[in-house]
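Please read through the structure below; I'll follow up with questions.
Order of writing sets the labels: A, B, C, D, E and F. Residues in every chain begin at 1.
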Amino acid sequence: MGGGHGKRSWVKDLRAGTDLEESFAVRSVDIRQRRGGGPYLAATIGDRTGEVTALVWQNVDQLREVLEPGRVVAVKGQVQRYNQQLQVVVRQAEALPDESVDDALFVRSSAADPELLWKQLNTLIEEVNDPDVRQLLFRIFSDAEVENLFRSAPAARSMHHAFRSGLLEHTVSVTTVARGLARHYGLNQDLVVAGCLLHDFGKIWELEIGTSIEYTDDGRLIGHIPMETLFIDKKIGELKKFPAETRRQLLHILLAHHGEYEFGSPRRPKTPEALLVHMIDNLDSKMAGMLEAIAAQGSDDEAWTPYSRILERHIYRRRMPANDNGDD
Amino acid sequence: MGGGHGKRSWVKDLRAGTDLEESFAVRSVDIRQRRGGGPYLAATIGDRTGEVTALVWQNVDQLREVLEPGRVVAVKGQVQRYNQQLQVVVRQAEALPDESVDDALFVRSSAADPELLWKQLNTLIEEVNDPDVRQLLFRIFSDAEVENLFRSAPAARSMHHAFRSGLLEHTVSVTTVARGLARHYGLNQDLVVAGCLLHDFGKIWELEIGTSIEYTDDGRLIGHIPMETLFIDKKIGELKKFPAETRRQLLHILLAHHGEYEFGSPRRPKTPEALLVHMIDNLDSKMAGMLEAIAAQGSDDEAWTPYSRILERHIYRRRMPANDNGDD
Amino acid sequence: MGGGHGKRSWVKDLRAGTDLEESFAVRSVDIRQRRGGGPYLAATIGDRTGEVTALVWQNVDQLREVLEPGRVVAVKGQVQRYNQQLQVVVRQAEALPDESVDDALFVRSSAADPELLWKQLNTLIEEVNDPDVRQLLFRIFSDAEVENLFRSAPAARSMHHAFRSGLLEHTVSVTTVARGLARHYGLNQDLVVAGCLLHDFGKIWELEIGTSIEYTDDGRLIGHIPMETLFIDKKIGELKKFPAETRRQLLHILLAHHGEYEFGSPRRPKTPEALLVHMIDNLDSKMAGMLEAIAAQGSDDEAWTPYSRILERHIYRRRMPANDNGDD
Amino acid sequence: MGGGHGKRSWVKDLRAGTDLEESFAVRSVDIRQRRGGGPYLAATIGDRTGEVTALVWQNVDQLREVLEPGRVVAVKGQVQRYNQQLQVVVRQAEALPDESVDDALFVRSSAADPELLWKQLNTLIEEVNDPDVRQLLFRIFSDAEVENLFRSAPAARSMHHAFRSGLLEHTVSVTTVARGLARHYGLNQDLVVAGCLLHDFGKIWELEIGTSIEYTDDGRLIGHIPMETLFIDKKIGELKKFPAETRRQLLHILLAHHGEYEFGSPRRPKTPEALLVHMIDNLDSKMAGMLEAIAAQGSDDEAWTPYSRILERHIYRRRMPANDNGDD
Amino acid sequence: MGGGHGKRSWVKDLRAGTDLEESFAVRSVDIRQRRGGGPYLAATIGDRTGEVTALVWQNVDQLREVLEPGRVVAVKGQVQRYNQQLQVVVRQAEALPDESVDDALFVRSSAADPELLWKQLNTLIEEVNDPDVRQLLFRIFSDAEVENLFRSAPAARSMHHAFRSGLLEHTVSVTTVARGLARHYGLNQDLVVAGCLLHDFGKIWELEIGTSIEYTDDGRLIGHIPMETLFIDKKIGELKKFPAETRRQLLHILLAHHGEYEFGSPRRPKTPEALLVHMIDNLDSKMAGMLEAIAAQGSDDEAWTPYSRILERHIYRRRMPANDNGDD
Amino acid sequence: MGGGHGKRSWVKDLRAGTDLEESFAVRSVDIRQRRGGGPYLAATIGDRTGEVTALVWQNVDQLREVLEPGRVVAVKGQVQRYNQQLQVVVRQAEALPDESVDDALFVRSSAADPELLWKQLNTLIEEVNDPDVRQLLFRIFSDAEVENLFRSAPAARSMHHAFRSGLLEHTVSVTTVARGLARHYGLNQDLVVAGCLLHDFGKIWELEIGTSIEYTDDGRLIGHIPMETLFIDKKIGELKKFPAETRRQLLHILLAHHGEYEFGSPRRPKTPEALLVHMIDNLDSKMAGMLEAIAAQGSDDEAWTPYSRILERHIYRRRMPANDNGDD
């Protein structure tokens, strides 16, 4: 049951009127009443490509022990269409042992290749000129445990890049863009690159990604900015001699990258490099959020996305095509 | 008196203990009392390189007719140093006829060459792929009167780029940066380029630049966003057939480029292109404001700028040198 | 089925325990599950007098093709009462062809007579003294297409006057009140009248009224203030010679009538006339919103309205009677 | 010295090059240094028509005992013009005994006739239909001490109507306007009239008007809304039987007339009558503030007022003439 | 059925799989559809220890007349567990006559003993030194009706201390704490004690506690601050001679105890005593809200409370034990 | 000149008409013009008891080299009274060598005895029960350099406790008060005591106190919260085994003690202990600010303090006497 990654029945590929035999993560379960007092189950199940409603009319007593939120279950049933949406009517379900489950199948993931992103990140480090800054970055990112966490961490719980490897995708995008603008404005590129690569570093401990994304206790009580500041300052302390001025300006970039106090920033940007890292982080997050909202709609018929509570508006979905009109 | 541009005594080059014979714009005049009830004059005079205090102890009755704010006057006097600042003690002053005054000498100007910026702007237009958009931009910018205004207009009265050709410098910078990012995010570059080139276009009528920068009546009552929207829509109407969708999305970029209602934006960005133009406009303005604040201090001794009311903070002036660490 | 306007079974007149055979607009449809996996339908249907829940237990498969939101359908069924609310149990339903549907029956309408309001509007124009302003208003409102749109447009999607002819009712009320106050404060009444008549003019293109009220694409991307400014300035351009000062002050009123930036106003009022139009627009909108909230409750027993999200409070429904105590 | 009201030399009528012998209120005094360490005095003196700078070069030691802020002094000197502004060079000055001073000459006053305003106020009371409300208003306003205070009190310290009888002028204007609108919207006019007449009543104890306007201790610690609520509820208690519902709705209007919590309103309007009183109070205050700012400029040459910190903007001074275009 | 207080089946003690025969307050009722069009009922019932869902599958027509929100009913049924939550399947239900119902059983109550709190309050009054203040407090609290209301009133509808005797518990806690701090900061303890005891006094009329807590009409239209100010000032007026300065400062404390305008405070604290009362009121309210949120969760397994809309955050539930480390 | 601490002429003791020979810190210098173009000097000089204006009419050229802001100078001159304020006319002034200056004489200091405060702080540490927490506090505060800095540091630059030893005074007050309230609310006193003692610890590096108080570079770029977090976490790391849960909750208190994001708090309080530390810090700061404002006025005649920009209000200065009315 279930089977290899290659021939898996992804949620995005389900078709009405077919039988289904596949494993899915249970997102939520609701027990509702039928006539006579007996319950039926309405669950949401999914994998990394999307989510679908699952209904249980039979063996309710047994299956409600099986369908627990957060668990991955092997499901047998049929795909049907109601009210223009697909749903799965479940006949059987069986919990899979945790150790046999590959979480990566059940949580949304970056569309970009993490392997490629990781290489780009390392190239960005190699191209740093300042030997102190480059050494610090190597020391931090060459740690195997850090690499493991950083390659899979999401960048947020829901706003943008809220998927596996989202942190890596966001970090590489921000760093690439900001480095180019640092040159445009005549700033110190090494500081900007280091600030970008480390600005959300603490999120590897702030968020936990299993089959869903949740805050950790430390994430809520300490937060990613203080966590990364503590970690990076300890790493600086392990280096023989790291210039005090570079340390001060680098810590400032991290502490100021949320831009304004009301966004939880303990400092506001007081150097051009800190201003740039803040503004490109902001741009990349908002742009990703908007592009994700547009892409989230399966049908191209609708001119507008549903109201986005994150962006606090509807987004216009009619796109004029991308084009290329010059060398930059 | 006064003399050619080449051998002019610029304010930035004044030295204590020397005689002075040069023309300056009068920024403001204050009449103060001496013993016996007689007044003396304390004026601020300047040229495009800076400003200095001028004191009149003699011929006060005559010279206060001459030293009128906004006028350019030929001055004879001596440069002295008091309290770590230079001041000019004026012996004679004579109003220059308006027609003999080259305003450009007396108002701050872009450090960049307007000729070069204008060429860059035209190259940006030429590289637009969409023939309708390109034709519209040509039609607008090839008008001689528009060119004349656009080449000299400031981008603001005080915030950033508040000097001659500031609008041109800001426009070229925003367009160049945003076009590169449009490619990075897979957006329509032509819309982005047109939106950037036109986003502050109405400022050619909103601000008036003589020896100082002031708002016009239309600037205060109508504002640059409605003025440019009215003008550009009229230009679109003059073209044979301009696609309705392109018009809609272009007008939207202009109307949304201030980003949020509280910054006088009648719309908020609802397309990725509008979001990008808004955010790069914001970045370029804030970055210029910060870099101008750092550069405004003559001495490199002070680690911090004076409190900037525009940025609402002190800026750190100790710079790590610009460097170049890779190809973008 | 359905039948003439005169003997129509309006939603507001439905009675429990009666059979029903009438046409209604479908507002929304929800498909819910019964035992055995079969669905039933819970829809909201309505006409211009109100809305009611409709339940479909039979022929579900067939009827869910028929009951599409936005469509008008002929319904056969029975009115029942559950939980102190009426509901319609539907036995049959048949879609009506679009061309046979009179939208006016299915969308809420102004309680005032549009014919009378339109006459009042024209009298307000005729009484304008300034010939330029009067000519402009005639030119705008005598256009047949404009009249058609303006007579039916709502003034909002949900806040106040959110019904057919709401724009006309709101416009006449604001203009009448503001003209009286212009006299009280010694202002220019012609400017005030023109500003009031045109302040929401762009809503004829911002909102679309079928069986419900929705924003248009232009409404969301451009907005009613820029749309009316573009249109009116074009009409001014068509007149032989319209005084520049009158144009400037009139456009200012339109651009400033939302009062503050945070309400999407690209300008803030800088003339007494603009201040007056803004404040009376605000008063009429809020007063209508409050009076509509009080009237929306069928029963006079309750001292308080439900919490109004628009007014952000409960409204007290115990009214002291209207009275008349002097001549104004 | 000084002389009768009729032939008084008002500040607004001073002319350069003339001798002056008149009494003025001292607004402020600044002692500045001359060569040799001796001081001279720079004072601001004024009457109800305006203010002017006064300079003392002689008898400084003696005159600085005389020129105390708040005092009225008889002045001998000469009017001169410096820097486009008039100033008085004082030769002699003598304090006037408090009992001989008519404060009304030295504090700004309403341009309207307080006698006429008081009659209008009483007519508004007489035209109230509801006998309970009318009786309450009579009881309050027929008290001689109340009349005395209410006829002279200002409506504010600086925002609008900040002059003698300003409260009366503002109250009559608000009541007249709101009564008309109560009829327009079908509200209870008696409640509206009572709410308007009493909405700022507590200001008779909140502000103190001598030669200037200051807050009282009770004004700062208790405020006009609680003070008037305490007073009016006591007056209601003295009546035989005042309907509880009328009392509740009237007190609500007073407690809610600042509209929003952030303007010190302990309640927000929850009845249409309370909403109307709040909005017309707001309109009359802002309109008066704007019209006063426009009128404050002596010269009609300037298109814009100086920046008004109260209105947070410049006001456009070019007025289109008042006109009358219909019967209301 | 139902039975004595001592052997009552409290909601907090219900166990799955047991029969139930007890009286409960009906909080809300929802009528839902079964197959065939027949309804079933889903109600929320509760007592002062909590709430539980009740389902009615039989005798629906009869029982929906019985189960009215706000009423107390005697219920027969069975307790079951679904989806990790208990629910009661109801077979019979019978309305209890109002006069036989002890409301105190059905509304949440203070965990502290009201008798003890009332004694503590009286001790606080007795220890007041200033005879005028003490006499005023005695006069107010010795009134039997006041005592009755004050002993049962809640301190809020939902934020904190939203239960029977909550006002008393909050008042004693605030007064005790603030009196200690008044000594620490060298303030007048009598004013602080009086201000604390009276700061929320008006809530005895603002809120109504039956089987639930609701605002009264006066509560919404006038509010507790004006109501208590009116009452206390009347009581002061009944005393022979109460010092004007004490009255002024005491009223100021009441009027300023919400601290900032935006929290409905007509005044802001301008004396140290008023500042202290405001800040300790705020502390006690927020601390109680947080401790109630932590305690509200039955299971100690969860590290975090559900999102609290009042505190706008999740609260960490892992407590380090209370300890005592010194004498204060 | 100057002389011993005991017989020093403090600013607060200056009397008009006496000769003066004493040393003072120069706060600021302004050079102003006399007739003939020669300058005179107007300086502000002071010691820890206050400030006074000093005027130099003679030897200006020489003395303006001497009177440099920040320097301590020995002054000879005469005390005079002008415009109800004292001023010093300086005849001679001589710079004192830095090494001979006791800064403590020239900067404002706590009125409390630092020796006693330091003992109280140590007692608070000794009374901590939790051995891990106590050991951490000992380790931090027993360091001689820390003691030296902590005993002299101010708590702020201007808001409250802006004087020598202000940090110590504020810390002891907050800790004492919060420990008592931790017992009242049943919280963990050890966490509260540690959180209070360390909450502003980073200010020893954030502010620099010489003859005035200034921010350090690290203070502006990193801030006291991150600095103390980095330091304390390093100290925790040096201990053998510090419980992870205690570390997490202690760091949380430090990171959340500013309460809200907009006050630069990277976290908001999520435990009762963090809430308490935040609110008592806030109370102690505001109370000190208000009591300092009241005490700052030398004369008891005025009922109100000048407008305080920090508290954004005038404070009422009429105090009802402190009294003691019970045991807490």
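One rule holds for everything that comes next: a contact is a pair of C-beta atoms (placed from the backbone, for glycine too) under 8 Å apart; a residue touches a chain by one contact, two chains touch by 3 or more.
Given the structure is predicted, the values throughout are model-derived calculations rather than measurements.
Considering every other chain in turn, the ones in contact with both subunit A and subunit E prove to be C, F. Looking at A-F and E-F, the interface holding more C-beta pairs in contact is that of E-F. Looking across B-C, B-F or A-E, the pair that copies the D-E interface, with over half of its contact pairs the same by residue number, is B-C. Centroids of subunit C and subunit E (each the mean of its C-alpha atoms) stand 43 Å apart.
For subunit D, the set of residues touching two or more other chains reads 34-36, 217, 220-221, 249, 252, 270-271, 314, 316, 318. Counting only pairs that meet the touch rule, the chains in contact are A-B, A-C, A-E, A-F, B-C, B-D, B-F, C-D, C-E, D-E, D-F, E-F. Taken together, the subunit D residues at the contact with subunit E in this complex read 217-218, 220-223, 225-226, 229-230, 233-234, 248-249, 251-252, 255, 261-267, 270-271. Contact residues on subunit F toward subunit E in their complex (touch as defined above): 123-124, 127-130, 173, 176-177, 179-191, 193, 245-246, 249, 252, 268, 270-273, 275-276, 279-280, 282-283, 286-287, 290-291, 294, 313-316, 318-326, 328. On the subunit C side of its complex with subunit E, the touching residues are 32, 34-36, 38, 40, 42, 55, 57, 82-83, 89, 303-304, 314, 316, 318. Remark: subunit B residues 29-31, 33-37, 39, 64, 217, 220-221 touch subunit D in the complex.
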